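Next up, some structures in structure tokens.
You will see two complexes here that share chain A, one where it goes with chain B and one where it goes with chain C.
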Partner chain A sequence: MSAKLESELAKANQELALLKAEYEEFVYIISHDLSAPLRQVQSFSEIIANTHNGNFDDKTKRHFGLIIRGATQASQMLKAMSYYSRLNTRAKPFALFDCNMSIAKALDNLSSLISDSGASITLDDFPEIIGDEEQITILFQQLIHNALTYQKAGTKPIISISFTNNVDAWQFSIKDNGIGVPENLREKIFKVLRRGVSDKKYPGLGMGLAYASKILQRHRGSINLVNSVEGAIFTFKIAKELPYG
Partner chain B sequence: MKKEVRIAEILLVEDNEGDIELTREAFSDAVFQHNLHIAEDGDIALDYLYKRNGYEAAVVPDIIILDLNLPSTDGKEVLEIIKFDPLLKRIPVIVLTSSEADKDIAESYDLHANCYIVKPVNVGEFMEVVQGVEHFWNDIVCLPSIET
Partner chain C sequence: MGEAINILYVEDNEGDVELMRMSIERYFPSLNVVLDVAETVDEAKEIFDDNKHVIAVIDWNLPDGEGGDVLQFIREVNADLPVVMLSGVISETSIAETEKYEPVVCIEKGHDKKVIAQLELYFSSSAFI
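So, the complex of A and B:
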């Protein structure tokens, strides 16, 4: 490499490092410094509501309910944002691990949701892969959680998780019999805090698929939604040759 | 010429219950008579406007107040559908959003939004929204009514 190119590369790397530090500081400020005033709104409105609720008319009661719910929602969003950024900043080094263990752990974390919904889940025998085991578990957990959640009322979830061994990537598929995703929302649903459905029908923050995308970005992979006649099929890839050890 | 006294039918497309309540509060002080209809996401707004999926008896709104950040079909998509529909495109659409991003403002006007208002932080400023609606309403009552 020429000396000029080398110095340009060094400069670009330096700028990148500065930007990264700035981004991390920004997220830290957002998640910590904002949470204090928010907590005040939340706690003091709860105190007022608890002490004086009997004297409030219906409208004031409703307004206090809105203050408390709004503040609660904002603090949940802040927590989610800092969790999202920690997927980058506090990531563990890659290692070789058994994917079956990772999925088993994800299923264990979801055990009450699985038994409550009466779901049946079929699994392939999965390979050993290179990656951040904790994050891959989160990834499976988010996708299985979605497959269990986005169902028509009264439907028992039927989920199958499979994989194919591609040349340079492991390809996984999670198929469900749920409500599916309309064509116009295919990109939106992967974005931070964006939701395909209304809060009233399916409560949630709109972070699950954003976490999944972020984790796969780090694993030089990608995630896609494949249209199916019934339900949704999410397909994701994880690069095979990740630096580890 | 004497203006016919008619009730303004306003469709508010908004998912946040706090913002719905604030808009209701602001409109409770409005001088003109109105009905505020609420659609809580983009899909419901479209069902309402196209009178389908349980909204067959919906009243065609005179004015639409539209949030951009909605679950299901996004506000911009709803705006695009309205403004490219030969029957709906004449209905004034006021975009009411918490976004101050130039991109959102430009895109909304490109999609023929009639007005763009950033959601005010304090209640008093919410009256601006009511004034915006009133402005369009005064225009409408002078125009021949839209038959759909």
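So, the complex of A and C:
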């Protein structure tokens, strides 16, 4: 490499490091400094509402309810954004691990939801893959959580998780019998804080698929959604050749 | 109270709906403004009545799509209905996407006089005020 190119590369790396530091500081400010005033709004509203509830008319009580819910939601969003950011900034090095263990952990974390919903889940025998085991567990957990959650009332979830051994990548599929995703929302749902359903019908923040996309981006992978006759099929790829060890 | 002025308001945030109701009560106390609230694109399509609604106020981000989907639907039925598009943050992309369906105005949310001024303008031109 020529001296000129080396100097330009060093400069670019320096700028990248500065941008990364700036980004981390920005995320810290957003997640930490903003959460303090929000906590105050939430806590003092709760104190006022609880202490003086008897003195308020119905309209004022409703307004306090809206303040508390709004502040709570904003705090949850900040936490979720902070977590999203840490998927990059505090990621662990890649290692070789057994994907069956990762899925078992994800299922264990979702055990109450699985038993409450009466779900039946079928699994392939999965390979050893290279990646960040903790993040891959989160990836499976988010996708299985969605498959369990977005169901018609009274329906027992039927979920199958399978994989295909492609040349360059492991390809996984999670198929469910849920409500599916309208065609016009198939890209939107992967964005941060975007959802395909109403909050009232299906409470949530709209971060699960954003986490999944971010994790796969780090694993040189991708995720797609295909609607089946009944429900949805999320298919994602994880590159086989990742640096590890 | 005079005749009802029916507004289609497409908004999924309960707090924003409450603030809009209060702003209307405050600024148009003598008018009989009725807000028909839809929380989703589908709900808006279901309740929109061309013979009833005289103006539509639509939030950009909706759970099952974009406010632009509702605007497009309205324009297929009524090319002239005044439509105010609202958003927490207005981006150039969303304006460009929406402009082809000719909203009257795109406004950043905030329950100050901006939205009310638009309603006022419409109410004056329609001789409600």
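Everything below uses one rule, namely that the second predicted complex is superposed on the first by the 245 of 245 C-alpha atoms of A that agree within 3 Å, B and C clash if a C-alpha of one lies under 4 Å from a C-alpha of the other, contacts with A are read in each partner's own complex, and residues count from 1 in each chain.
We adopt the following convention: contacts are C-beta pairs under 8 Å (C-beta built on N, C-alpha and C of every residue); 3 or more make two chains touch, one makes a residue touch a chain.
Computed from a predicted model, the values in this text were never measured in an experiment.
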item: Fit or clash between chain C and chain B when superposed on chain A; value: clash
item: Partner chain in contact with A:200 - chain B first, chain C second, else both or neither; value: both
item: Touched partner set for A:66, first chain B, second chain C, both or neither; value: both
item: First, second, both or neither for A:185, with chain B first and chain C second; value: both
item: Contacts of A:79 with chain B and chain C, given as first, second, both or neither; value: neither
item: Touching both chain C and chain B, counted on chain A across the two superposed complexes; value: 62-63, 66, 69-70, 182, 184-185, 195-200
item: Sites on chain A touched by chain C in the complex; value: 62-63, 66, 69-70, 182, 184-185, 194-200
item: Of chain B, residues touching chain A in the complex; value: 15, 17-18, 21, 40-41, 44, 71-74, 77
item: Chain A - residues contacting chain B, complex; value: 62-63, 66, 69-70, 182, 184-185, 188, 195-200, 206
item: Residues of chain C touching chain A in the complex; value: 12, 14-15, 18, 39-40, 61, 63-65, 69
